[in-house]
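Common to both upcoming complexes is chain A, partnered first by chain B, then by chain C.
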Partner chain A sequence: MATIHFSQVCKTFGEVTAVDRLDLTIADGEFTVFVGPSGCGKTTSLRMLAGLDEVTSGRIFIDERDVTHEQPKARDMAMVFQNYALYPHMTVAENIGFALKLRRLGRAEVAEQVSRAAEMLDIAHLLQRRPKELSGGQRQRVAVCRAIVRNPKVFLFDEPLSNLDPQLRTSARGEIRALQRRLGVTSVYVTHDQIEAMTMADRIVIMRDGKVQQIGTPVEIFERPANTFVAGFIGNPPMNILPLAALGKAAGLSPQLAGVDQSETMIGIRPEHVSFVSVSSAATIARVVQIEMIGTECLVHAEIGAERIIARVVRPLAPRIDETVGLAWPDDEIHLFDASSGRRMGQNLRLSA
Partner chain B sequence: MTQTLELVATTRIERTAARRKIDLRPAVFLAPFVVLVALFTYWPLIQLVYLSLFKLNRSGPDRFIGADNFLGVLDNAQFHDAAYNSLIYIFLSIPFKVFLPIPLAVFIWTMGAKLGNFYKAALFLPTLLSFVVVSIVWIWMLNPVMGLFQSVIGPLGLQMPSLLSDVASAIYVIIGVGAWKLIGFNILLYLAGLSAISRDYVEAMRLDGAGDWVVLRRLIVPLLSPTILFVAISTVVFTIQQVFTPIDVMTQGGPLNSTTNLFYLVYQYMFESFNVGYSAAGALLIFLLLGLIIAAKMIWFEKLVHYS
Partner chain C sequence: MAPSMLKLSRPLMLVGHIILLVTALSIIAPLILVLGTSFKPANEIYGGLPWPRKFTLQNYYDVFEKLPFGRYLWNSLATTTLRVGGQLLIALFAAYAFARYNFPGRGLLFALVLGAMMIPPQLTFLPIYLLINKLGWFDTWAGLIVPNLAMPLAVFLLRQHLLAFPKELYDAAAMDGANELRILWSVVLPNIKPVMAALTVVLFVDCWNEYFWPLVITETDHAMTVQIGIRRFLDAERGDDLGPLMAAVTLISLPALAVFFACQRQIIQTFVSVGIKG
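What follows is the complex of A and B.
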């Protein structure tokens, strides 16, 4: 049980700034996901929290205690590594029980706690095997088991699912989240997969080039992305972001857009909010250039002049390739961003939020 | 129909004929190696056995004398000294040449590339030098009258002892010089072994609550054990043979046989006292000793090692 607080934490490697003034407070029991493209500083932030990387400047607190310069072993955190880092020369039981043994618990007590944790993760039958005799999914469970057996203050996850195949990944993320809820341990989870972030997080921290782009619940981030980067990163397919001017007269029709400088504004529309209407009644006209079938729905790529827009519609509603279509979207589902800074504009523009 | 049958029949015959013809290509490629090894390793070995069992006679046929040479050698006081010293060379070399490089290698492993490479180069340098040169330089440095060490401690009113002419110390000087020369090489071997250990393991263990000592003992040493075993065996074999040079250059086995070893003694039997039989018998005994070490490695030590 712990709260975590990053205060103005920076990390530089030579000339490169990996993490730039990270300010974040993570509540007790919260599941926070750091997400962003590779090299955005998410893993470095996690490693600084773990004590594996030195902090260049700033402070890190666990509860009220300043741990900025403490050794990893003094921080009482458990980490699940991307490649699991199971000790290859030890059996599964020895791997899981190692930390307990270092705490000088008796042999019987270690064995009991190990088997209890192993039951919880359904790996009790694997205890005498060595890591190389396990499948990827089993190794991942052992790694999680090794983390929970210690009952630490904080769980750290460094892309723990990225080496699993897609089906396993889906079930594993549900299990990890359920386990964390049951144990109530504050957790920090790093991933580059926005779906993992959206499905697992209480709160998401989106990073890019060492800077935090937005911190918020999955719903907040999805509904009110703070800038074009967040808007484009979250959601699949990503939000359409076009210069407002490209939409022609459509821009003028919407009452919310009155008074907005068209040349300085980008408009964001999620693909699922784009619908097709008859050309005569449409404000925006586009030509269909590509259609991708993804199951019940399909992705329709259309061109408005030089700009491209993607619509996600159920299959019967899809137009044909080369067809000229009218596009429409609900007025309260559009997002406006400043063209030069990329920041979200007019916080009250999105009426439904 | 008949045509097809004939065709099948001919191909079958051709195939059997091809199978019967032995493919000589592997033999051609292997030949140079086989010839060289046979000529320079196995033929001398057979000769050695012959020489150890016969008394050579210039004016008549060689005379079979059974185990006389072996019994003679085993009864020889010089041989006892040499065997005893050989054991000292081996057992004292292990801590310095096999164990000491482990923490040094781990230390270099944890450094950045720049500093690490500097240390690697600095420690490897002695390996590149000729053992003869090294031995002569050390004789000069240790010289009690005009050596480097004397010039350092002389002004303090101290006198450098004559380490190489003292029965009690000469062998340790040779062991020290051998270790000085070999440590860098063994460090490189360990670094190669360490490079296969993922740093994630170390980090995982630190988060599990381990300090440096626990990481070294519970993680690095077990994962490095195949390399440690290899270094130990090669160092022992190397020590028995290679120490010949510093012995010959620095002490010639003296004072009072205190630095001689089996290798050096076999050389002396042959080229100083021209006792071919003793020399051959001694060489075979060394062969046996090394064989026993390899057998021990395969029977016992392999079990202690974790192969990933």
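What follows is the complex of A and C.
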């Protein structure tokens, strides 16, 4: 049980700033996901929290204690690594029990705790095997088991599912989350996969180039992205982001958009909110250039002049390629961003209320 | 074995086999001669056959009768064991530091280690000899062991191996609460057993067969190694005592063989795993 607090934490490697002034408080028992493209500083942040990387400046607190310069050993955290990092020369039982053994627990007590943790993860039958005799999914379970057996203050996960095949990944993320809820241990989880972030997190921290872009619940981040980067990163396919001027007279028609400087504004519309209407009644006209079938729905790529927009519609509603169509969207589902800074704007709009 | 093994045409294969055979014979023949002579009575030694007509163990008794051979053997075994153990330990620590940590001056230090490998021992023996004399280590075990404890080749080889060691395992062990020594002992060492075994054989043979340095630094039974001790069978005036000499040589080769067989399983595993990857 622990709260975590990052205060103005920076990390530089030579000239490169990997993490830039990270400020974040994670509540006791919270499951926080760091997400972003590779090189955004999310793994570095996790490693600094773990004590595996030195902090360049700033402080890290666990509960009220300053742990900035403490060894990993003193922080009482357990970590699950991307490639599991199981000790190849040890059996599964020895892998799980290694930390307990280092704490000088008696042989019997280690064995008992190991088997209890192994049962929780359904790997009790694998205890005498070596890591190389296990499948990827089994190794992943052993890695998680090694983390929970110590009953630490904090769990750290560094892309623990990225080496699994997609089906296994879906079930594993549910299991990890259920396990964490049951144990109630504060967790920090790093991933580049926005689906994992959205499905697992209590709170998401989106990073890019070492800077935090937005911190919020999955719903907040999806409904009110703080800037064009977040808007484009979360959601699949990503939000359409176009210069407001490209929409032609549609921009002028919407009462919400009155008084907005068209040349300085980007408009964001999620593909699922775009619908097709007859050309005569439409404010925005587009030409269909590509259609991708993805199951019940399809993705329709259309061009408005030089700009491209993607609509996600159920298959019977899809137009044909080369067809000219009218586009429409609910007024309260649009997002406005400042063209130069990319920041969300228009606090007076209903959608931001 | 490996499907990608080099395929040679038949004549080329034959030539290859002949070359191998000649090489093998040239290595084995002297060994057979030594072994054969060691079992010959004195009157047969200059006789025509490589093996004895009348088998005797007299030469082996003589080795222990005429020389303090046990003492020499003890000096050799003890100093070699201590020296190789020290070399492995120092090389492991040094290589671990070079492979794991990024500290100021690392490149320069490592270049110096490599440089030390290239200086011929003939160049350094005199200053080292004078130093050892000043320390009062002449004709002692310390004189045999200490100057040779740092082995650049071993540092280099181990470092290359440790560079390929998965970094996540260090991190995992650190998270599990292990300190540096514990990581080295419980996580790194068990995973580099094969290379340690191979290195042990190389270092052991290198030290066991050493002639020049013990010749310079030892004088009496107190520290004289077996390789130097058996020179007493060579005598310009009374003639060489070849029978006991060959018996001694045979006995001397046994410990190196024993070390090789003890480490063999690990070493062959190394070659097999390297072969599979390559």
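By our rule, the second predicted complex is superposed on the first by the 349 of 353 C-alpha atoms of A that agree within 3 Å, B and C clash if a C-alpha of one lies under 4 Å from a C-alpha of the other, contacts with A are read in each partner's own complex, and residues count from 1 in each chain.
As a working rule, a contact is a pair of C-beta atoms (placed from the backbone, for glycine too) under 8 Å apart; a residue touches a chain by one contact, two chains touch by 3 or more.
The structure presented is a predicted model; accordingly, all values stated were derived computationally and were not measured.
Superposition model on chain A: chain B and chain C are shown in a clashing arrangement. Residue contacts after overlaying the shared chain place A:Ala328 against neither chain B nor chain C.
In the superposition on chain A, A:Val277 makes contact with neither chain B nor chain C. In the superposition on chain A, contact of A:Lys132 is made with chain B only, not with chain C. In the superposition on chain A, A:Pro88 contacts both chain B and chain C. The residues of chain A shared by its contacts with chain B and with chain C are 50-52, 71-73, 77-79, 81, 83, 85, 87-89, 98-99, 102-103, 146, 150. On chain B, the positions that touch chain A within their shared complex are 198, 200-201, 203-211, 214, 218-219, 222-223, 306, 308. For chain A in complex with chain B, the residues that touch the partner chain are 50-52, 71-73, 77-79, 81, 83, 85, 87-89, 98-99, 102-103, 132, 146, 150. Chain contact summary for the complex, chain A toward chain C: residues 47, 50-52, 71-73, 77-79, 81-83, 85-89, 98-99, 102-103, 146, 150, 156. Interface residues of chain C, counted against chain A in their complex, comprise 166, 168-169, 171-179, 182, 186-187, 190-191.
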